[in-house]
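Shown next, in structure tokens, is the structure this report addresses.
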């Protein structure tokens, strides 16, 4: 029970952090079809900006300014880069963002150095909120939950209550229709890309001091975000939300559950015997491969249900 | 899709008649020239004072050869079949592991196989895993395919570290290419002998891949790339086409991996890692995925960047990033695309008239590149390189990066060069348009 | 517009031609090729090493170098790829460089040992010595040992022994968490072996392997460790896997001490932060507070000079021992011939700059030197990465206590 | 075995919307059968059902007496059915010649071969060239299909469809968007290449329909309201009301 409760909380926190990152990418990927490899770079930039800003004027302004800065950069990238590349096809766009990720990493290294920067949790939030069975639950994690919940609410309202939100929502389901609706497509795209980047930046601001702010943080966070987005399904923020929490919880519980994938598959009706291909892999205890589970799930869901959890169309 | 002719160039000239001996000779000579050139190239780096080949140059050229096979096999999926894979390196690496294990078995006397055929074992290994992973991955196409291959890539890379038996863990599988069995009585103890083997296999693999594009499967792969639905209604199962193409490309990737095992005599988890897959993607795109030989050109550029420029500057990744962005923005057809754009003008016989305009834009271009490189190196030097105890030099002249002069020089070269380039580009564009219009008028566009 | 790319491509090609021609270097020096990641996500390791080596070499050269020549470091970026390290090796042998040095990654080390072995037997005219400054897989000087390979860092088993010896008496429950690859697995194996041998009273309450570099949130592991009742967490993790693990543990406020192998490496102090006061230990060959603690003024001055010059810690001052060995062996050999130097290195004894006795063991070419366990805490003379906290020596294990048997069967070249 | 295509109680729903509501239809071998009806009547959907692009909601479809339930489009094609598309569907980056040859490959038994070099397959290439000549595209033989004019692309589309020599041909508005003379040429072409085959054609151009078809079926709102020879369809009250009356005006 003790382990369960604490793991649940941990899983939620991690899942919500993933969601903050993935929600932006879902918007971008679903609407523009861009596999944005620079998304995790925006996460990193958010953390570094917040670090620098918080050194001068404090954490709270940074919480607002850093995402705005990231959003501005995102808008600039879309207007002066991606838009040009768009007509050259999706692979070109993907490579564009890939090149961007390389450049951002190097620029970050040159600006802030190669070693981690001391981006710390603000003093006002650096206390244990409550204690569960002897494990402290830091207030900052509660704060992360709060911010991400607020953000989820804000996106939801933005999508359902504003004009551009409704356009974006329509476009999420039928991207080919945006133009037909007579809207200013480039402006919608810029808005979406900027918003997505800003969301990643926000995730960086509150994730950077929870984790460690270093030049490799984008590199390590990149693939998992794709997994969440594709798993949740294109065009569905709700799917993305569920997938994020699911991935957070799966990875958290995988650590505390000493079972093998074979046992998990049995649950779904597959029996793994020594004759099964890769049985050596499948019978490894879960904690050892917990972090790989998302990739297994990714492959499985794409093979059997290519539209993802709640996607509106095939990936 | 951009409408430049490059994308179609390879399909544009199909010979409908059976190749006569004259036609064969005509088509064989570029291959022979290329092979001879490849064999002559290392002598440029030969050290006549010690009578030794440059091991560095040979290894680099071998790397180009085997990576070219890898990039071309990647392009069998991306360029030919429209399948963007993020995990192609697993086929390359697993082929390499198979080859390494085989060489060890031969060395231990457990089996008989000449060194020359070891890449073939790598190829069969690649084929086997291509069949295995292809079965899963080719159930889907487009983004779903890309994501499945990404997932498979991550999984295999992680397994390569975890499972000692086949992968040898972090240390990888090391091997010895001097196994004493050779078809031609060669020991392969010197890099030069290995390089010759690499050239031979590269020629064979490239030729086979080239021929594969002209087979029913290769053609239908193009067809499913263009319009997978239509392919169904001419009787083809697009999934099966994808699957066969995937498995075959695994075969060739495996040959590359087998050569890797021979050249480096060790295969580690890095060969299956995402970075290797990315290299193939970059090579294919830089060179031009639309043409068959694009990835070959791209490989040369990428290997030189990775192994050459990285020796000169630790900001090389930044240059790579900038190169890609510039390429995707201004030359989506890759290097082959740029070259092919000149074809109509060349056919109109007026290519010579472009020399002066080119010089006029290359000059300011070089200026702005110089400014950009200078600024990046300065920034990199002040934040990272300074403490390595070296002086910052522009040519032979040492410069103090703490002063404003080099920065101003860099900025001036970049901005000035950029503005000048803009000016010259207008003239160039006018000249270009005029020549293209002429080509059009002469009816030599296609 | 396409022309702009052509221009850039031309520039790149130009650079590449220069690169192919090989880096031009000054004549009359003894060159040492150094290859480690200098770009990409692991660049910080190679970069920090390079700077410290350069500082040490400047000092060694000021003391006369060897054979009247200066040592010169030639860096090659291997991007953590064995293939690139091997290309660097080719480049080094082309230039007849007598030493190749590499510190980071046992996969690359394994590749280099094999490649150097083969190269030296196939090309006796351009032999090279592989100086291992930090690839610590135990088998590199055991099953995989080679005449041409000299290791100047303690291997995993030695470090595990240091850890077991330094574990305080009151600790009875430990938890092991390591990365799931060759290195982490051998830390796991060796620590358990030495605990069983030296501290039978200690109980291993948990034993975990995690995928390398894949975990972003270590809170669940902390929960599990907490539930196990462990007093000490022993980990060989490095990089983000270590930083995030310790950070998660400190954040959750559980009462746990962390015994690490790499917390003192660049970036560790910042990542751990002030919350880690008195909680983190690291097994190390050197820290900046050793000299003042043992009262070695000269060593302290020399260390401090680095601090004054560079904006980061001097954690690899132990490299000085390496270069002093190379200096001494080269002088003893009387030439820059790698075979002669290698023979001179064998069994060479040397008092390191802190004043401890060290030896390059002839049987397996493993340096046997003293080792320290440091505690990360407030109130030390020299703090780490401007955090206000630094490493204080908690235990010093002398070389004679680290003489582990070796299974190495070395084949020596005919003279 | 007398019917090439036979539909029984075919229905198709998307969500709650029923597009095809119980269609029964028999097309005997060798018949030229046209299907007409107002926009949204479900003609293309019916095509997609017969060619296997969509799966049935209920009912059965038989080709030559064999149920196609659960078969994939390429399997149906191999049973001898070939179709064209309303929105031009060709292989844009392949040349005209290669487009046609792709239409031939499976039918000539090349399957997934990667050991035949196409350049050496003289009979195959000559057959493709003969068809190109019939399509009047020999000038454009080596031009990428994506660069052809609209009418040329439509002709190519028909060419790909008939290339393999399928016994049953489904053409979905082959002359849509063509000029009068182009249409005339297209009709002659269709007539020639489908000689002796079973043809099911959807068309809006009534001159084409009445000039070409042996039997006409009128589909309105997913139901067959009439199916008869052209002369009688012309006189059919219900048809005029539902369709011809408005359309012909």
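As written, the chains take the letters A, B, C and D, and residue 1 is the first residue of each chain.
What we mean here is this: a residue touches a chain if its C-beta (ideal position, glycine included) is under 8 Å from a C-beta of that chain, and two chains touch if they have at least 3 such contacts.
Just so it is clear, the model here is predicted, and its values are computed rather than measured.
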**Q.** Central subunit by CA centre of mass proxy
**A.** B
Q. Taking each chain's centre as the mean of its CA atoms, which one is farthest from the centre of subunit D?
A. C
Q: Can you check how far apart subunit A and subunit C are, centre to centre, with Cα atoms defining each centre and the answer in Å?
A: 35
Q.
What's the distance between the Cα centroids of subunit C and subunit D, rounded to whole Å?
A. 72
Q) When the C-alpha atoms of subunit B and subunit D are each averaged to a single point, how far apart are the two points in Å? A) 43
Q: Let me have the rounded angstrom distance from the C-alpha centre of subunit A over to the C-alpha centre of subunit B, please.
A: 32
(Q) Residues of subunit C that contact two or more other chains, please. (A) 43, 47, 180, 211, 214
Q: Could you list which residues of subunit D touch at least two other chains?
A: none
**Q.** Residues within subunit A bordering two or more other chains
**A.** 105, 109, 114, 288-289, 292
Q | Chain-chain contacts as defined at top | A | A-B, A-C, B-C, B-D
Q: Write out the stretch or stretches of subunit D touching subunit B in their complex.
A: 51, 53, 72-75, 77-78, 82-83, 85, 89-95, 97-98, 101-103, 105-107, 110-120, 122, 125, 129, 142-144, 146-147, 160-161, 163-164
Q: Quick one: which bits of subunit B touch subunit C in the complex? Just the residue numbers, please.
A: 45, 47, 50, 52, 54-60, 63, 158, 161-162, 164, 169-172, 174, 176, 178, 189-191, 260, 264-266, 268-271, 275, 301, 304-312, 314-317, 319, 322-323, 326-327, 330-331, 335, 338, 341, 358, 361-362, 365-366, 368-370, 373, 384, 387-389, 421, 425, 428
Q) Touching subunit C in the complex: which residues of subunit A? A) 2-3, 6-7, 10-11, 13-14, 17, 105, 109, 114-118, 120, 128, 134-138, 140, 210-212, 214-217, 219-221, 224, 248, 251-253, 255-256, 287-292
(Q) Could you list, by residue number, the parts of subunit C that touch subunit A in their complex? (A) 41-44, 47-48, 180, 208-211, 213-217, 219-224, 226-227, 239-240, 243-244, 247, 251-254, 266-267, 270-271, 273, 312, 385-387
**Q.** Residues of subunit A defined as touching subunit B within the complex
**A.** 33, 35, 81, 84-85, 87-89, 91-96, 98-103, 105-107, 109-111, 113-114, 223, 226-227, 230, 277, 280-281, 284, 288-289, 292, 295-296, 298-299, 302-303, 306, 314-315
